[in-house]
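Same chain, two partners: chain A is paired with chain B first, then with chain C.
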Partner chain A sequence: MRIGEVAIISHTLTEPETFIRSICGKIEVQNPTTCFGRFDVDDQLGLHLYGVRIDPESKSFFWDIASRKMLGYIFIFNWDDRTMLESIKPLVDHFAQQFEMPIVVVANIADRSVPPIPEKFFQPNGIALAANARFTFGQISAPADAKKVLVLLINMLLERLD
Partner chain B sequence: MVLESVIDFAVSERLELLFHLFHGSTISALIDRLDNRAVAALQKFMWEKTVEFGIICRGKHFDRKEVTRKMTPTPNYQRQQECSQRAYYCKGTYCIQINPSCARKKIKEHVDVMAETIREYIHLAQQNRPI
Partner chain C sequence: MKKVVLIDNDTSYVLPLKSEFEKADYEVIYFDDSQKAREALQHLVPDIILCEVELPQINGHALFKEVRSLAATKSVPFIFLSGQKRVDDRIKSMELGVDDYIVKPCSIEEIMARVRALLREISETNEHQSQPEKGFSGNLTEMNLVDLIQTLELGKKSAVLKLKHNTSTGLVFLKHGEVIDATLDNLPPDQALLRMFTWTVGTFVVEMSAIERERTIKQSNKELITVGLRRINEWEQIKENLPSLNTVVVKTELNNYQGLSEDEKRLLATVDQKSMIYEMIQKSHTDDIKALELIKSLLKKGYLKETDENYLSYTDNYLAQLKEHASKSRSSSDRVAAIMANFFDRSDQQQPGGNEQPRVERRQLPDRRRYLRRRFDRIRETGNIHLTKAELLMIRERLM
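Let's look at the complex of A and B:
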C-alpha cells in the first residue's frame, strides 16, 4: 500500500484533532504536541494525517526535516481568533517560501450554514494566496467541510502535474 | 524554490489582508507598515482579488470600469498633487520608488476602493441580486 502524509497544523492541538476525527473517524495516536489518524482510500492508497500543535520553541530546522515527505500542509485557525492567526503566520511564510508542496489555510467557522462570505467565492478552489497556497472557510468538525479541504489540497497536487 | 512575488508581499500578509477585508476593517492601514515593494505587490494582489470576485459575482457582465470609475482619475490626482510627471508614471510600480509618499496616498485610495467593491460583490451575492 502506498502512503501519503499530510500535516495539519494549528496554534493548539484541538483543531488538528477535530479535523482528523472528521476525516478518519478516530485518533489513532495522541501525545501533548501531536496526534495521528489514518484514512484508507482503498487497499492501494492510504493517507496518514499528522496533527501538530505549533511550539514556539521549536526551530525551523525541525520543520525542514519533518516536512520533506509531506504531500502538503493544512493550517487551521478559528476565524474570530486573531491570536491563532498570528501564531500560524511565521510558519505559513516559512513553508510557502521553502517548499513547493501545497498549503491550504482554513478559517474554521462555528456554523457552516452561515460562512462570512458566500460559498461561491471560496468553493471549490479556495482563494489563491500564492502559487502554492490557498485560503478557504470551513467548519472543521463537519466531515463534509473537512473532506472539501482535503480534496482541495489533493487537487492542488494534481494541478502540478499539468 | 523561492517565489519573488511571495517575498515582496508575504503569504501571511495576504492572509492578514483577507482577514481585514472579510471582517470589514480598513485595508489601507496595512500599507503604512509595508515597504515600497510590498505596497506595490499588495496593490496587485488586491486588483487580482477584485477581478476574481467581480467575475464570480458578475460573470461576463464584469467590467473593470465598475471598479476604476470610483477612483480619482490620474490627471485629476496629478493636478491635486501639483505633479508634472507624465501620466503613465503615476502608478505604484514607478512612483513608489521616486515619490513614495505620493504613490502611497494614491494606492491607499485605490486599495480602499477595491475593498469597498469586493464587499459590494459579497453583499450582492448574499442578497442573491444582480449588480
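Let's look at the complex of A and C:
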C-alpha cells in the first residue's frame, strides 16, 4: 500500500486530534503526546496523519515525527490564543528555514462569527508566509474546513511537481 | 462592488464559485449554515443571493420566504441552486417567486453568466423606473437623513430608508413616522444613526412598507433631528480644507509622538502604513466627528500625508485588509495581531513562491540547505515524494 504522511502540530494535542477526527472520522491510536489517524483513498493508497503536541523541551516524539520524511507539516493555533501562536511562531520559522516540505499554518476559529472574520479571509490558496509556508484560517472541527487545509498542502506539493 | 451572498453547505462546490466571483470583483459573503445566513440577512442587504434548496436546519424555500418578508431584502434577486433535477421541484421553487433556478452540477461560467444577466436586467429595470414602486429615491447631497426623517414624519409613514455611502449601506426603519431602529455594519442602532447623519454624499432609497420590528431607538424624532443637524453642521465645518474621504493617506516618517494626544496616537496606530480617510473613521474607537478632527490634526501636524493612490487597488489588497482586521479585532489580543503582522511583513517582502532572501545559486547554498535541496530533487526525480503526482491528485479528489 502506498502511504503519504503528514504531521499535524500544535501546542496541545486537542487541535491535532480535532483535525484528524474531522478528516478521518476517528483516532486510531492516541497517547499523551501523539495521536494517529488514517485516511484511505482505497486499499492501495492512503494518508497517515500524525498529530503531535509541541514539546521542544524534551526529546519527544514530536522531533521524531518532525525529522521523518513527511509530505508536509500543518501547524494549528487558536486565533484567539496568543500563547499558542507564540509557541508555534519560532517553530514555523525554524521549519520554513530547515525543511523544504510544505508548511500550512492554520488559524483555527472555533466559531466563524465570533470574532467575525470576513469570508474574504478564508482564501482557498492561503497566504504565502515563506517560500514553503502558507497561512490560512479554518474551523478545524468542520470536516470541510479541515479537508480544505489538507487540499492546500497537497496543492503545494503538486505545484512543486508541475 | 456588487455584494453576493452564497448559502450552501457543499463547500467543494461553492468555494471555487466563490473564488471566481471574487476574481470578477464581487464581494462574496459565504454561509455554510442557513441559520447563520438567516441571522445575517436581518442586517445585510446584498445585491444578489444564491442559495442551495436542500439545507439542514432551514431549507432554501423557508429562507427565501423569510428574505422576501423583510422590507430591506424583499426585492433582492434570489437564485436557487439545487441538485434536484425533478421538474416539479423546480416548478415549486419558481412558483414561490424565485428569480432563477440552477440545477447542479452546473459550470461556474454559466452561474456567473446568469448572475450577471439577472443583475443587468434589474439594473436596467431600475433605470427605467425613476422611482420605486412604493417610495422614492435620490441623492443624499440633495436630501440628507435629517430631511428624509422630517419628510416621512410629516406623513406619518412607515418605511425603510436604504442609505449608500462609499461601500457602506445603512438602513433606517420608521414606523408611523417615528424612527425606531437603524443598522449599519456592526454598530449599535444609535451609533449607526449618528454615523449616517453625517452622510451628505451617496444615494438613498425609501421603500414604503409595514414595519414590524422591535424599537431600539428611544429618542423622539425631534431629539434625533436636533442631534443630526448639529452633527451635520460640525461635520461640514471640520471637513472644510480636508481632502475627500476616499483619499488614501500614509503615515509619514515622523516617529516622535510626544506631541500627540492619546486619541491621536491611538488613531494613528490603526493605520498600517496606509488607509483611506473614511476607513480610519470607521476603525476609530471615537465618535466619527472626533475621529475626523483627529485626522485633520494628524494631517496638519505632518504625521499623515495624502497619496495619489487609487483606493480600489488599495482595497483589493488582501494582506492589507487582513492586517487591518487583525489590528482592529477586539477579541484577539494585540499581541496575536502583532505577531501575525510579523508573519505578514515577511510575506509582503516576497511574492508567493519566492524566497525570503535573494535566491542564490545552488552551489552557494549552505550545507544543510544544499542537502535538503538534493534530497528534494531526488524525490522529485524519482517521483518518490512518497507519493506520485497521480496519487496526490487521487487523494485531493477524494478530499474534495
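Here is the rule we go by: the second predicted complex is superposed on the first by the 142 of 162 C-alpha atoms of A that agree within 3 Å, B and C clash if a C-alpha of one lies under 4 Å from a C-alpha of the other, contacts with A are read in each partner's own complex, and residues count from 1 in each chain.
Quick note on the criterion: a residue touches a chain if its C-beta (ideal position, glycine included) is under 8 Å from a C-beta of that chain, and two chains touch if they have at least 3 such contacts.
Please read these numbers as outputs of a predicted model, since none were measured by experiment.
With the two structures aligned on chain A, chain B clashes with chain C. If you count the residues of chain A touched by chain B and by chain C, you find the higher number for C. Contacts of A:A131 after superposition on the shared chain: both chain B and chain C are touched. Contacts of A:A110 after superposition on the shared chain: neither chain B nor chain C is touched. Judged by the touch definition given at the top, the superposed model places A:R160 against chain C, while chain B stays out of reach. Of the two partner chains placed by the overlay, only chain B lies in contact with A:P90; chain C stays clear of it.
In the superposed pair of complexes, A:A144 makes contact with chain C only, with no contact to chain B.
Shared-chain residue A:E100: touches chain B and chain C both. Shared-chain residue A:V29: touches no atom of chain B or chain C. Stretch 271-279 is the one of chain C that runs into chain B, the other listed stretches 37-45, 271-279, 289-297 or 379-387 having no clashing C-alpha atoms. In the three-chain superposition model, chain A touches both chain B and chain C at residues 82, 85, 89, 98, 100, 105, 116-118, 120-121, 127-131, 135. Considering their complex, residues 2-5, 23, 39, 41, 45, 47, 69, 71, 79-82, 85-86, 89, 98-100, 105, 107, 112-124, 127-131, 134-135, 142, 144-145, 147-148, 150-151, 154-155, 157-161 of chain A touch chain C. Those residues of chain A whose C-beta lies close enough to touch chain B in the complex are 82, 85, 89-90, 92-93, 96-98, 100, 103, 105, 116-118, 120-121, 127-133, 135.
Within the complex formed with chain A, the chain B residues making contact are 1-3, 5-7, 10-12, 14-16, 18-19, 22-23, 48-49, 52-53, 56, 121-122, 125-126.
Chain C makes touch with chain A in their complex at residues 9, 11-12, 15-16, 18-19, 22, 27-30, 32, 36, 186, 318-319, 321-322, 325, 329-333, 335-336, 339-340, 342-344, 346-347, 350-356, 368, 372-373, 375-376, 380, 385-387, 389, 391-396, 398-400.
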